[in-house]
Structures are given as structure tokens and as C-alpha cells.
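For reference, the structures are reproduced in the following blocks.
In what follows, chain A forms one complex with chain B and a second complex with chain C.
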Partner chain A sequence: MSNLNTEMVEKYRNNFLQEVTANVEEGEWVKMCMQCGVCSGSCPLGPYWDHPPQELFMMIRAGKREEVLTSSSMWMCTSCYNCVARCPRGLPITHIMHGLAHYADRLGIAPKGQQTRKFANLFWDNLTKTGRVNELRLGISLYFMNGFAAGVKKALSMAGMGMGMMKTKRLSPMEYFGGHSIKDKKGLQAILKKAKEIELAKEQKF
Partner chain B sequence: MADEKKIGAYICKGCGLGDRLNTSQIATIAEREAKANVVREHDFLCSEEGVAMIQNDIDNEGVNHVAICACSRRAKSEAFNFDNIAMSRANLREGVIWVRPDTDEAKETTQEMAEDYARMAVFEVNFMTPPANSGQSKGEKGILVAGGGISGMTAAVEAAKAGYKATIVEKSATLGGTAAQMLKRIPQHSPYTDPEDTGVSELVAAIEADDKITVYLNATITKTSGAPGRFSADISTESGSTVTENFGAIIQASGFEAYDANQLPELGYGKSADVIDQAGLEKLALEANGGSIKRPSDGKEVKNVVFVQCAGQRSDKEGHLPYCSGHCCLTSIKQAMYFKDQNPDIDTTVLYSDLRTPGAGGEDFYRSGQDKGVIFTKGTVSEVKSSGSELTVNFHDMILNDDVELGADLVVLATGMVPNGGVDIEAVPVKDEDGDENAAVEVSVDSILNLDYRQGPDLPHLKNGFNDSHFICFPYETRRTGIYTCGPVRRPMDMLQATEDATGAALKAIQAAENAELGRAAHPRSGDLSFPTFRMEGCTQCKRCTVECPFGAIDEDEERYPQFNESRCRRCGTCMGACPVRVISFENYSIDTVGQQIKNVEMPDEFDEKPRILVLACENDAYPALDMAAMNGVEYSAFARVIPIRCLGSTNLIWVTDALNSGYDGIVLMGCKKGDDYQCHFVKGSEIANDRMSKVADTLQSLSLEPERVATYEVAITDTERAPQLINDMAEAVEKMGMSPFKF
Partner chain C sequence: MAKKEYSFYPGCSSQKAASASNYQTSVASMCDELDIQLNEIPDWNCCSASIGFAGGGELPRLALSARNMALSEQAHPDQDIVATCAACWLATKETQERLHGDDALMEETNQALAEGGLKVKANQNVRHMVEVLIEDFGYDELGKHVTRPLEGIKIAGYVGCQTNRPFGIDGESFENPKYLDKLVETMGADPINNYDKKVSCCGGALAFSEPEKSQALIKDIIESAYDGGADMIVTPCPVCQLNVEAYQDHINAKYNTKFNMPVVYYSTLMSVAYGKDAKQAGLDGQIIKAKQLEEIAGK
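What follows is the complex of A and B.
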């Protein structure tokens, strides 16, 4: 358990709803769910979730902290916004899902091998380094996301396509070494640093 | 106006009637066969000119009986509206040309149909007299209101605002009823976010300031007699004396009692003082007087309260209420706010199976509850246990499919409303093994109105003890004319609905009193002046009419003859259908007016291959359905002769027997839906008619006729395809069975 996690458990005791309200992006909306289930029925990936949104909201109210935060469910959200468009109560469900995922990630208790989580982190790291997504590096790190052997296998299977893209000048192997970036990399880093500070300050406040 | 009867028959040639029919032939028949004194044809009878022609005959020729041979009686009723005459209508348009094809082969049968209808109309009107006010009403206009709660007070205030005197009789010592025992009410105004003041004190002040309203507290109604426009009520007052007052109409706003939560031991009521019902919480909240609410057992501040919805209601368990009381979800939200508004850290959980928040602001109030942090959990509670000072609620979470134990300081049960509807006069007495009535099982209930009616002291119950008759088709109308119920005695409702309900009932009551003075019927034959009378010499005192009247309009006099109270009557004619010696009739609707129509259909002989099918159709649903079928161009057999009747309940068996004897090949009776979900406008008419018709098989047997020749159907107004089909089915059946052997 991470420090932050223990801290939060200590702070909110049994009132998980209050914890979510305070710390999760758009978390104050969770109490407004009226359990109609339209979100769950509208979700194109619904059948693959352990707990559809409506159920997650109920679990939050029932204080099932561990189950919610370690669940892979909210990581399954593809941001199609079907649920948001249909929610009769106007809950920003997509944002709450991402908020929950982010919160679980910050607490360090999100499911370890969760693919979406891995991808999200890889993407973030890749992007923040230069301010632009380095597609070649991102692609390669995705190949090796699940281990070296799997990565080699995947890379070989994609070799043909890679060659084709190189021939048509759609992909430059030189990108692997640095690649292009935005003009003011330092400025970006400063912005991100400030954002993190604000987030932490907000956390301390509650 | 000349005293002697003078019949005018008017034949319209408009709407294609003149093209399709030989109207001069019809005129000849009206004159020669039906003996109309004046017969005129007109190209456009409902035009100003045509109507003026008829009016001229009435004014100058002494015509006082009018047979209009044009369109359905349901059409052009405003044009053909003449005072102080008897009128019949022959339906040549919807009943003939619109249901028959315009072909050469059909021409002959279509003409026969029209001739029959014209002849029938003239004979019908011949046996009518112009209806007039009976003069029974004493013109009383005051409104008696039984009950001084929100509904009763509102009804009285609304009646007074409209200029009518109102008298409230309240059995307790104060006005206000249940609402006076509450801290606040569910909001009735935008933005519907917070509980509001009950408004009881404003209503009481309005009543005290109004000199049109008289209030009797600690009083009951010990006897009510009479009829709309001349009710007389004995009011037993606080001082012990009895006051007798006269009223025009009555509003019963006797409200409800809370369901007895002692019947819910599994939910801990009675076992722990900290399990209370919603009324119990209102009491605690009033006692707290703005401070924190303390629980009854040890006076500890409540920190964790659980509301259990649908406690002992919406359940088919023995002793539970099967219905939803409508207000409890909103009431629980309101009561949870008592806690949240005082201290947001108090845990409030509402355990519901279906949250229902009716009314304009219901959803907003629910949202406001959520916003204030009330937790709503969908679950069914199985048990409330108490151990020491702690309560545990066991419930099944229906979303997470999980059995949960929830701790609580206080548990509030949302129990339902039990109507205070008085004596169930239709309850079948319980009989023990020996067949004796078992008095021990009967629960004695005080009567509310103590009606001096033959059929019992209170309003008949509809379902579950609520006094109503049909809350979709005719709200407010109970089964006693001029007595209207409002508030939770009519159906479960909250204060906002009760306020609206009471306003409606006040207007209905005023209408009833005004109508009674003019001798006019209330719903559904609004404005009808005719009323039933009977020929005393022929009456055998069998009492069938007094028993069968769906509205308790007929009492017995000292000599045990029926005594008609015309302003209690809804003019359905069920008494007329019931009378075995046929002595009951209305001025414009009687055994003869229909009997003559049946008799004056020309009966072709057996070898003509032209059967005759009599259709007796209820004027409320079946007849309009046939009219609408005609408008839609649906055709039916040319052998049918349709006679509209006020209600299938007015069907006297003599019509059926006479029709069979005079050679009809088939009879189709069309009434409304009967039974628990009845649609009969006169509540019981259709059902009673069905009972009567079940005995018609004997008649058929004695005549050696096939039982299939008489069929009774339930027809709804929407059955525009089915109703004509039923007639065609009978025509087909007759073709198979062969012609009736009774033609002469």
C-alpha cells in the first residue's frame, strides 16, 4: 500500500463516498446517480466490465473502497460518451470513470497488469518528454509492454508493415533517436509541474 | 302549444341521403304506416333553414313530438336542440348509407334499412313525453364537508370562494387533520429543494375569517337523508346536542389512518422504541423544535438514521397493503432533510425498491435530497434487529446483489395509508361452518355519513376500502350522486394532490347542487331532465329495482313501494331493465319506446332470405364505436337493426323475448367491460345485464331456438373494427342456423 493510500484510508474511514467526492475528478456527481442503469445499458463495452458505471456508483455509496479502486472496470472506458449523452441526471460519467482510474493510479492500487493503464502511462511519458508523441517509440514500447519475448514476436509480425511504411516515407527510423519536439520543452515541463502542485495542494486541503 | 300529441317527421336529403335513398318513399312510410301528422323532406335539415322549418312547425303547427330522420343522434345535437318537445332520431347516415356499399345489388336492402329506421323513430317518439323537472329538489345549495383536514378545509374554502356556504364537520377537536401533526410538508413551489411549512395555519385562518364557512369540531354526522339539492344531515355537536341542517351536496374528506405498524414485527416495530413510522418521526421532529432529533429509547442524538420504504405495502403478503401510497418516498426524502439540514454529518440512508416521486417537483426534490447527501440504496429489507442500543437493518442490495447489515440509531418505516372510508356496505358477511353469520370476525367501523339510504350507510368502496367509482373515466363521481370524495379517502395521495382534489370536488359538489335544482342529471348523462317513475298499481314490491340501482337512488316508502329520488338518479335505466312487471319508465325512454322500435321493423317472411338481427348497443361505447366504424367506411350486414340504449343494464328481458317471438333471427347485445376493471358508465349496469342474459337460455329453450341466436359482448369505444365484425359474425351464424321459425 502506498503512503497516500494509507493516508486516505485513515482520513475517510468508512465514508468512501466522501473520499470520492473530495478527491476524484467530478466525484461530487456520484451521489446524484439515481440507479436507472441507462449508462450500463448504453456502454458498448458494458458486457466486458466487471462493474458497469451504475454499479460502481452504488459500490462507492456502499463503501466498497477496495473493490472499486482495484477494479479494472473504469479502465475499460473508451470515452465514447454514450453514457454522458444519455444520463437523465446529466452525470459526466466518462469523466468520473477517468477520474476514478486516475485516483486509483495515484494511490498505486490500480490493477497492475491492466493494459489500458499501461498504455496510458506509456503514452503520458512519451508525450511529456518532448511535447509531441513519438510514434515510433510509442509503438515499440507498446510491443514490449508485456515482456521482451512477446515484444520481439510482435515486432517481427509487424516487420512487413514497418518496411512498407518506411518505403512510402511514412516512418523514419531516425525518429528513434530523439525525434522532433516542440520549441519550448522547458515551458511545458514547468506547466506540468505547476499542475501537479495544484493537484497536491487540493488534496491537502481536504 | 296544443295539448294533443302531434308528431312531425323530418327527412333529410343532405350528406348523400337523397342520392342513395328514395326519401319520398320514406316520407310515405312515416305518414301512412307510422302515422306522423306532419312529414317534410329537406335538402339540408341541419342548416339554419331546415332547423327553422322544424321550429316553425313546433311554434305554429303544434308539433310536439319530432322524429328526425337524418344522421346519428350523436351528430348535429346542437342544431337539433328544441325545448319542451320529445325527439327521436333515425340514424340514416351513419346507420345506413355509410355502412352499406353504393351498388345496385345493395340498393334494395339499404332502402329497407332506412325505411325501418324511419318507422322505428316515429313509433319511438310516439311513446315519449317531453321530459320536465320533477320539482323534487328544494334548491338547497350549501355544501357539507365531512372532515377538517387539508382536503376538507380546502374544499370548504374553495366552495366559499365560489359563493357557496360550506359546513365542516370534524370529529377531532382541531382542524388540520394529519397535516397539523407534521413539522413541514413536501415542497409545492419551485425550486422544490427544501421542505415547506404545512400551510395549515393559513387555511385555518382563512376559514375563521370566512363567514360563509361554519365549523363543527368534536362533531359527527349521525344521519344523512335526502338527495342532491335536498340533503338533510343530523350533526351531533360538541355540546351533545344535535343540529339538523340542509345541504345541496356533500363532500367526504375523511382522509386516512396510518397503517398499523404493529403488523410488521419483522421490521422491529413494537420491539424497539427506536423503530418508528413516519408519523412517529414527525412527532420527534416537532419535539426537537429545531434542535437535533433525539431517539425515543434513550434520548441520544440520532447520528445514523435508516428509512425503510414500502414497509407493509406494495406487497401481497397477508395483512399488508397491496397498493403504493404515493407520498411515502417524498415524505422520507423530506424527513431525511430534517436531519441533513440540521447537521450534514448525520448519515441518512433511504432503502427503497422503487423510488417514486410523483408531482411536478418530485424529481427536483429527490435530486435535492441526493445533493444534500441523503444516500439512496435500492434494496429490500428483510429484518430489523435490535441489540442493546444498536439497531441493525438486514437488507438485500438489489444493485450489487449483496446481503448487507447496516447499523442505525433510528429506523423509520414508511408505512402506507389506510382509507377512512367508512362501512364497506358490499362486504359479504363471513359465515361459519353452520352457515351462520360470524359476527366475531367482523371489524366494526364507524360510518362516516350514516346515510339513510336503503343500500347502506356509506359510499360503496371501489378497491381496498377507497371510496371511488372510476378514477380514470369519471374522477370524483362516487356511486352516490351528489356526494363527492376527495383526498386520501379516494386514493392514496400527498397534500398537493389532496389540495387539487378538494378543489375539484368542491366544483363538482356545486355543479351537483345547481343541477339538482334544475332537475338535471349529473355525470354521465349531464343535463338529462328525464327521471324514472313507476306505475304503482302494477308494482309487486319485489324490490329488484331498489337492490340493483347502482347508485342507491331508490329507497322504500312505508308501504314498501319503491321511492325514487330523482336527483340521486343517473338515468341509466337499470331499474327499468330489472323490473319484472315493467312498470318503471322514463318520459323519453321506456319499455315501450324500445319495444315499439323492435316491433316496427318490417319482418320479411321465412322464404325471403332476409334475416333480421337486433342489435341493442350501449349509447356510451358500442353505439359510438359503430358510428365511427361508419365514418371509417366499415360495412356491416344490411339485416342488422341497431337500437341505442342508455346502458346494457336497462335491457329488459321482455325486449329479447318479444324480439325472438316476433321472428328476429339473431340478437346482439353490446355493453361495456364489466368486472373489477369495469368501464361501464353506470358501474354495475353491464354486469347486471350479463347476469340477466345468462338466464335467457331458458327462454330460448322454451322456444326451441338455438342458444347462439343471442350473444352478449363487451365492446369498447375503440372497437371500431370489432363491433361491425360482431354483427357480421351473427349474420353468418344465422345463415348457418337457418331462419327463425317464428316469422309470421
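What follows is the complex of A and C.
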């Protein structure tokens, strides 16, 4: 268990709702859910959630901390906003799912092999490096995120699509060497560093 | 009409040799015909789309879009920000909404931006390109520029998610928006009726991390277009376009289907209808060739 996780367990003993309200993006909305289930019924990947959003909200209120944070459920969110558009109480469900996923990731207790967790981290690392996404490098790191042998197999199965993209000039092998970037990388990284500091300091105050 | 200028946020996928570079090509041709000048936001950065959330917390992600808005305010203070990518538009517009809804967040964001020598007010309108077309031009005006109507082509208007929810376009319904069908009609083509996967999700970024689950969604989107008698699909979103076009081989292999459905952008249709040639319309960027459009563009 990570230190941060232990720290949070002790700090919020038995009050997971309060912990979510304090530490999760848009977490203060969780208490507004009235359990109608429209979100769960509207989700394109609904059948694959161990606990659909409405259930997660009830579990948070019931203090099921470990079950919620170690779940792969919120990693199934495709950010389609169907639940947000339909929720009769106007909960920003997509953002709460992103917030829960981020929090679980930061505490180090999100499921280890979860594919979207891996990909979402790769995406963030890729974009913060140069300020813009390098699609070729992102693609390659995606193929190899489950190890070398799996990567070769995946890369071969995707070769046709890759060739199609290259032929139509929508992917360039040259991107591997540098590629797209902003000029003020230092400035951007300083901004992101400060933003993270502010966010963590705020959490401490709660 | 006088020249219209906008502060333009093109986004990562529209860059040279990136996955939606063909979108950018057709947008440039369309704007040329409509006398729209797109002034690129200098040194813009990625918005982190809807998938940066594992590594990036709320404030760092908001700071990404805030930096773009700050740069836009410096360079083109009197212009609306316009994005062609659904995710870019959504992230920027959401950031604006959040910053104005929460004074503390605005202050924190500016504290972060100060590290890069920037400051944001976030007062510029944040708009999608289709809003510019519909609101600043209107269907009638857009129709006046048509020199080669796309007669006889049946098109499924796949609106997808993020140009539709949560903000919507032109006040239309989230469940059955009509703007794409109206644009298709304005270009002289036939929109298919009752396209029941019009606002369904293609999996978005999860097409990469959950390919099987996403391809099942994509299969339904294509199948429904065939069921409606469509010759091709049109979309306003780079991720929708990529996902629905590029995985058809994989889907055919898995589901024993024979999909071969071109997927184009609204700007592709408009460029062809406005008399641009195949290259200007970005038709060489189709993995699945849009032959009917190529024929019209070649006349």
C-alpha cells in the first residue's frame, strides 16, 4: 500500500464520502445522486462495468473505499457524456469518473494491468514532454505497454492499418525523431508543475 | 460578405502527417471559398483530450487549455476561438466554463500560468467550426457557394459524442441533432433518415486500450449506416473519423462482414461541392476511397 493511501485511510476513517468530496474532481456532486440508474443504462460500455456509475455513487456513500478505488469500472468511461446529458440531477458524471480514476491512480491502488489506465498515463507523459501529442510514439508505446512479445504481436496485427495511415500521409515514420512540439516547453512544464503543487497543497488543507 | 477572422486552435491530430491532417486540408479549402481567415494560436499545446486524466489532475489539465486561451488573448484579442476537433473544442469550452464558475479556480489557474509568464481572462467565445458555419453563415449562405452539388449520394450523418454532448450545436437536441443532415442536404446530397447510431459512441480513446469492446460499437455504427442505405458516413470529429474508417478490416475479419464504407468530414463534402479538386478536399487522405466524391471532384 502506498504511503499516500495509508495516510488517506487514517485521515478519513469511515468517511469515504468526505474523502471523495475533498479529493476527487467534482466529488462534491456524489451526494446528489438519487439512484435512478439512467447513467448506467446510457453508457456505451455499460455491460463491462463491474459497478456502473450509480452503483459507484451508492458504494461511496456506503464507505466501500477499497472496492471502489481498486475497481476497473471508472476506467471504462469513454467520455461520451451521454450520462451527463441525461442525468436528471445534472451530475457531471464523466468528470467524477475521471476524478475517481485519477485519484485511484495517484494512490497507487488502481488495478495494475488495466489497459486504459496504462494508455491514459502514456498519453499524459507523451503530451507533457513536447506540449503536443506525438501519435507515432504514442502508438508504439501503446503496442509495447504489455511487454515486448505482446508488443510485436500487436504491432504486426496493426501493420495494415499503419500502412494505410502512412500511405494517406496521416502518419509519418519521421515523427519518431523529434516531431511535433511547442516552442516554449519549459514554460509549459513550469505551469504544469505549479498547477500540480497547488492542487496537492489544497488537498492537504482539507 | 466581408472576410471573417477567427483565432484558430487546430489541435494535435490536424498537424502535418498526423491522423486528421486530411481534415485540416479540407477545412483550409472550405475556408478559402467562404473567405474565412484562420489565425493560428501561436505555440498552442495539446488539450489532453479526454484521456489525460490518469496522469494529469484537474488543475494541470485545466491549465493546458488555459494556456491556449491566454496565448489566444495575446495574439488575437478581438476574435472568437475556433476549434475543428471535438475534443479540443470541448476541453477549451469546459475550461472556460469552470474558470468563470469558480473564482478560486481562476486564481489558481492564473498562479500556475504565471510560471510561464501568462495570464488568462477566458472571455473569448470558444466555438466549433460547425457553429461558425451555421451561426455566422447559415445554411442558405453556405448553399450559395455550391457549384457541384453532390447529387445522388446518400450520406449517414454521424454526429458522435463530443460535438453533441454536453454543449450541443445550435441548441439542437442531444438525442437527434439535425445539423449534419442539413449540411449534407445543403451540399446537394441525400441525408439518410432514421440513422439510429447517429449519436452513439465509437469508443473514443478506448479504441486503443479496449479494442474489442470499441470495435463492437463501431460495427454497429457502420451497420446502421448500411441499413439506412448510405454510400458513405460524414462526421465532424477526428476521433470518430479515424475509429470508424480505420478499423473496418479488423471488424470484417472478426465479424465476417464486408464493410467498405468511406468516412469523410463535413469539410470534405463542402470542399468538393464548392468546386475544389480531390487533393484540396483531402480525398487522398481516405484509407477507404470516397469514389463518388472523387468522380465529382475530377469533373
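Structure notes:
Definition applied: the second predicted complex is superposed on the first by the 194 of 206 C-alpha atoms of A that agree within 3 Å, B and C clash if a C-alpha of one lies under 4 Å from a C-alpha of the other, contacts with A are read in each partner's own complex, and residues count from 1 in each chain.
Note that in this section a contact is a pair of C-beta atoms (placed from the backbone, for glycine too) under 8 Å apart; a residue touches a chain by one contact, two chains touch by 3 or more.
As the structure is a prediction and not an experimental result, all values here were calculated from the model.
In the overlay built on the shared chain, the residue A:Gly147 is in contact with neither chain B nor chain C. Of the two partner chains placed by superposition, only chain B is touched by A:Met58; chain C is not. More residues of chain A lie in touch with C than with the remaining chain of the pair chain B and chain C. Of the two partner chains placed by superposition, A:Gly113 touches none, neither chain B nor chain C. Once chain A of one complex is fitted onto chain A of the other, the partner contacts of A:Asp184 are limited to chain C, with no touch recorded for chain B.
In the superposed model, A:Ala85 lies in contact with chain C only, and not with chain B. Residues of chain C touching chain A in their complex: 12-13, 15-22, 43-46, 48-60, 62-64, 67, 108-109, 111-118, 161-162, 164-166, 174, 200-201, 203-206, 208-210, 213-214, 217, 246-247, 249-250, 284-287.
Of all residues in chain A, only 17, 31-32, 34-35, 54-55, 58-59, 61-62, 64, 89 touch chain B in the complex they form. By the touch criterion given at the top, residues 25, 44-45, 48, 76, 78-82, 84-86, 94, 98-99, 101-102, 105-106, 110, 115-121, 123-125, 127-128, 131-133, 135, 142, 160-161, 164-165, 167-172, 174-175, 180, 182-184, 187-188, 190-196, 198-199, 202 of chain A touch chain C in their complex. Those residues of chain B that touch chain A in the complex are listed here as 355, 366-367, 370-371, 373, 375-378, 397, 399-400, 402, 404.
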